[in-house]
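Questions regarding the structure given below will be posed in turn.
The chains carry the letters A, B and C, assigned in the order they are written, with residues numbered from 1 in each.
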Amino acid sequence: MIVEFILLVLKAAIPAGTPLLFGTLGEVTAERSGVLNLGVEGMMIVGAVTAFGVTYTTGNIWLGLAAAALAGSLLALVHAFASITLRVNQVVSGLALTMLGLGVSGLVGKRFIGMPPRTRLAPLALPGLSDLPVIGPLFFRYDPMVYLAIILALVLWFMMYKTRWGITLRSVGESPATADALGVPVFQVRYLAVLFGGLMAGLGGAYLSVVYTTAWIEGMTAGAGWIVIALTIFAMWDPVRAMLGAYLFGGVRVLQYRLQPLGISPNLLNMLPFIFTILVLMLSTGEVIRRRVGAPAALMQPYTREER
Amino acid sequence: MNNWPHFRLEKRLTVPPWLEFLTLAVSLLLALVAIAVLFRVLGVNPIVAYQRIFRGAFGSLYGLTETIVKAIPLMMCGIGLSLAFRARVYNIGAEGQLLVGAICATGLALSRPGWPSWALRPAMFLVGFIGGALWALIPALLKVRFRVDETLSSLMMVYIASELVNYLVYGPWKGAKEMGFPYTDKFSPSAQLPRLLNTRIHYPTLILALVLAVLAYVLIQRTKWGFEIRVTGENPEAARYAGMNYFKTVLLVMLLSGGMAGLAGVGEVAGIHYRLRYPQGISPGYGFTAIIVTWLARLNPLLVIISALLLGGLLVGGDAIQVALGLPVATIYIFNGVILLFVLGSDLFTHYKIRLEWRRER
Amino acid sequence: MPNPSEPHLAVAMYGIVKRFPGVLANDHISFEVRAGEIHALLGENGAGKTTLMNILYGIYQPDEGVIYVKGKRATIRSPRDAIRLGIGMVHQQYRLVSTHTVAENVVLGLPVSFLFPERAARRWLEEFSQKYGLSVDPNARIWQLSAGEQQRVEIIKALCRGADILILDEPTSMLTPGEIDELLGIIRRMAAEGHTIIFITHKLDEVFAISERVTVLRQGKVVATLETAQTDKTSLARLMVGRDVIFQLEKKPAQPGEVVLRVEALHVLDDRRLPAVRGVSLTVSAGEILGIAGVAGNGQRELVEALVGLRKSQRGRVFLKGQEVTNQPPRTLIEQGVCYIPGERAMGLAPGLSVAENLILKDYCQEPFARGAFLDYAVINAHANRLVDQYSVTTPSPATPVKLLSGGNIQRVILARETCQSPTLLIAAYPTSGLDVGATEYIRQLILQQRDQGTAVLLVSEDLEEILQLSDRIAVMFEGEIMGILPAHQADLGTIGMMMAGAQRIPMSEAA
């Protein structure tokens, strides 16, 4: 009974964590380049409404997903322009974009409220693995986006630590002056990273509206974007840890309702991710730990080539 | 070693106050134009929308009073934030401090319904202030002790506070008479703040906010503490050099801004709803909107009153267009977001002019 | 003039002029470096050596003059151009990403293979280790490395970008003696392999340890270019510091009173937790000026910060008028009458606040500027008006934000604030740096006035002329130690120059 319960929770945790994973992978990239993007919530919800709208109108779910990615990156472009070129306060700029995203999505999504989905995404059974006893049907028959997210996490991990692009990205976030002196186009790298962040946030939101729940509800991200911010820190800016963290946080969300009949308040459970994040923040700013797993040193600092 | 070029750079231009206001006004205008364009693209008639918003907010007595109602928490939070931002301590968690203030006031009201109003109401404000201040103390201590950035930590505290409210209204504090809604019981009459005539303006909070605005202004401009806050915000190194205690200043502004956000929370539960409800029912993001309020007011506590009324009006306008045009309430967030972006951008044109001058000189 | 396009000249610069606001950094400098030689560029700070090399490396553009690299005329508009010409520069402040590995730092910005780019770095490191003895662990993180190892990474970075002409700016400033020997060995091997090395320094030992020729700069001009073997330390020291005195100030004989400041064997660490002040002892009496001479970066900053409470000392004691004040916070020292004119002007000001407010930056909490919790702006403004007049500060009004004032006026504001209340001890660090002639003269007069009024003055300056003019006694700091303290009338340029360059020590007697 217990085992069954655990397995069921684990099974549900993965799709629950997938939108968080998309968002976090994007935010990790952006923050690794030194830009804090607090607009994730806005970009996710814009992605959600775009995906639903386009899918509903065209009947093609892949088109919807692509449009969502585009929408997310458009919003991110504004943030990039404000934070990188205009060197505005990144916190305030991100908040402004969240509000903008929430507003625009509410407006655009009005006509889609209550509409049934035109199409769904068929679950993809992984050959071989899905035939394993017990765990096969549980864990290897997810929709394709789940697998996409996992692949992206692994690819991003590889890119970040084993390729030239990764060194460039991380150096820009740690010490833009050093990178600049060596001819690295700091602004370009940051723009691309932030756009990628918006793209992924858009996909994360899209997942929510066309795969996870196939409906548009106003404000349906319900703070997922803020959880992404917390997750980025919790994952210590690492894509694979982001994957584990996303499923953990997703699991907590799923768990909250399962545990309610047992008398454990879902709300107290929901607090845990944020409390953990604060602990991570606390521990990771000590010099020793920061060197190993801490925030990119230049995070939130706009870069100016110093004029002499 | 030499900061000589830096000073040279800025001396090129004096920015008289009228120019600052002009830039602000222009950026607001540009924002409204941008929003109009956005509306058009999204299929809304901007002229009609603007008309309704304005009429809704300022065109009727009801609208005006509701504007004031929405402005009260914005003012309260905004004044506190103006102090924090002056010291360059970015307290983004006002929303959470507001909720904790609301929780504390509710706790007192529910447990001591029998107290007379002259005791209960001030006490509620007091515990609300303390609650909000303590909630802000945590990010403050993390900053001082562990050098954790207050932006991220105060933001996380918002979500913890939000879940705490949920826990209480769905759990131990759930109203016995409220049939499954996430509300507490209604407060006893002695815990309810009086309102102005038959509007929803809970005037004790309003008066408190106005008084605090003046006090905050005096604090910043005329007292030793205010001087320390201003110097710290300008140049923390110089503050140390001058013998000021940076950590004390950080703690002070966080406690004050958290406490004031807490007062805003008290106002909402004791003045509007007479109960504690799920978080969005208490505050649709007042703590975050207050950031815009403060920024628009150029961190001046007295001007916060005006910008709070403006943004309060905008929120009321949002309700109005929901009713009149069938648009979702969230539409109003578009205003918040675009206005903030344009104001931020305009801040920079003041600086940019200076930079360009310098380049030409080289 | 030798033909600049002769290939045996790796670098030839002729007629280089570079002006900055208020100062002529390079005054028609001609400089030639032969291919494959190790050439030392010697001079004090402010002599123009770093500026000249920054021009060669493309960080600055010369106002006049031409540059030839390997026989061809060159226009170097940015470091990228310099790198393309085969010039590499290792600065005093390393530019490395401290959380990344050596390999990652080396390949940053280079078009190496996309996958597993660090392999290229490993190959290079192997090669350089064999050829030059430049060995560093490619997988070590920068923060784990010592200063010497980090420097090697910088050299490797330059070599990887094809540098055959290497400029090293004060390379031994952060190294231990052992690391210095290793570095010199590496340089010799690189030269043997055909690289050209330009070695900027102010230390005579190094000039003689490694260079074949040496060019001495002084006040922006080339004073001499010599074969190292044909000269000696004394001559070089004299060339480095000898100058014509421009200003003549009225200076009354000193009448020192009791000892105000006593420092006993003070040890202070710098930001990198390395010893910056190593056992410094000195005294300053009322009515006298003790000048600390020395090239910047030899511990003066850390010493001064320790004396004003902005930095903790690890060992040793400090006494103010007989009372121990070691490691007291700034507030306490301010109240005891210690005033500080900071070397970095920005530290002493709140730029957006008004002149009047900056004038009470430290005294705001005392009567009569404050009554209870409130500031009395009437008093503050009156005070400001008085000081603006007294110290001839040019400002539209006392309410003007101080950041809008010119450099000289800003310094007057700081000086006014620090000297208006007859301090017990005045510490002035580089008080006239970057200022024009008029402001400089005024400020020096002011410091003398303070001394005549009985203030004990500790003056730190790189400007030897300033030290010689103002000081009653002169101490020289080198690598965190006091090399010697002399009464001003006994100080000759040669000795001081030698001490500044680390080549001479004078044992301290009781009186000093």
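Everything below uses one rule, namely that a residue touches a chain if its C-beta (ideal position, glycine included) is under 8 Å from a C-beta of that chain, and two chains touch if they have at least 3 such contacts.
Only a predicted model underlies this, so the values are computations on that prediction, with no experimental measurement involved.
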Graph class of chain-chain contacts, one of line, ring, star, complete, other: complete
Chain pair whose interface holds the most contacting C-beta pairs: A-B
Inter-chain centre distance, chain B versus chain C - centres from mean C-alpha coordinates, in Å: 47
Whole-Å gap between the CA centroids of chain A and chain B: 28
For chain A, residues that touch 2 or more chains besides their own: 308
In chain C, residues with contacts to at least two other chains: none
Chain C contact footprint on chain B (complex, rising order): 1-4, 6-8, 10-11, 14, 222-225, 227, 230-231, 234-235, 237-245
Chain A - residues contacting chain B, complex: 38, 42, 78, 82, 86-89, 91-93, 95-110, 218-219, 223, 226-227, 229-230, 233, 265, 267-268, 270-271, 274-275, 277-278, 281-282, 285-286, 300, 307-308
Chain C - residues contacting chain A, complex: 59-60, 79-80, 95-100, 104, 107-110, 112-117, 141, 143, 157
In the complex with chain A, residue positions of chain B that touch it: 5, 38, 42, 44, 90, 92, 142, 146-149, 151-153, 155-160, 163-164, 166-167, 170-171, 285, 288, 291-292, 295, 326-338, 340-341, 344-345, 347-348, 358-359, 362
Residue numbers on chain A that touch chain C, as the complex places them: 162-165, 167-168, 170-171, 174-175, 177-179, 181-184, 291-292, 294, 297, 308
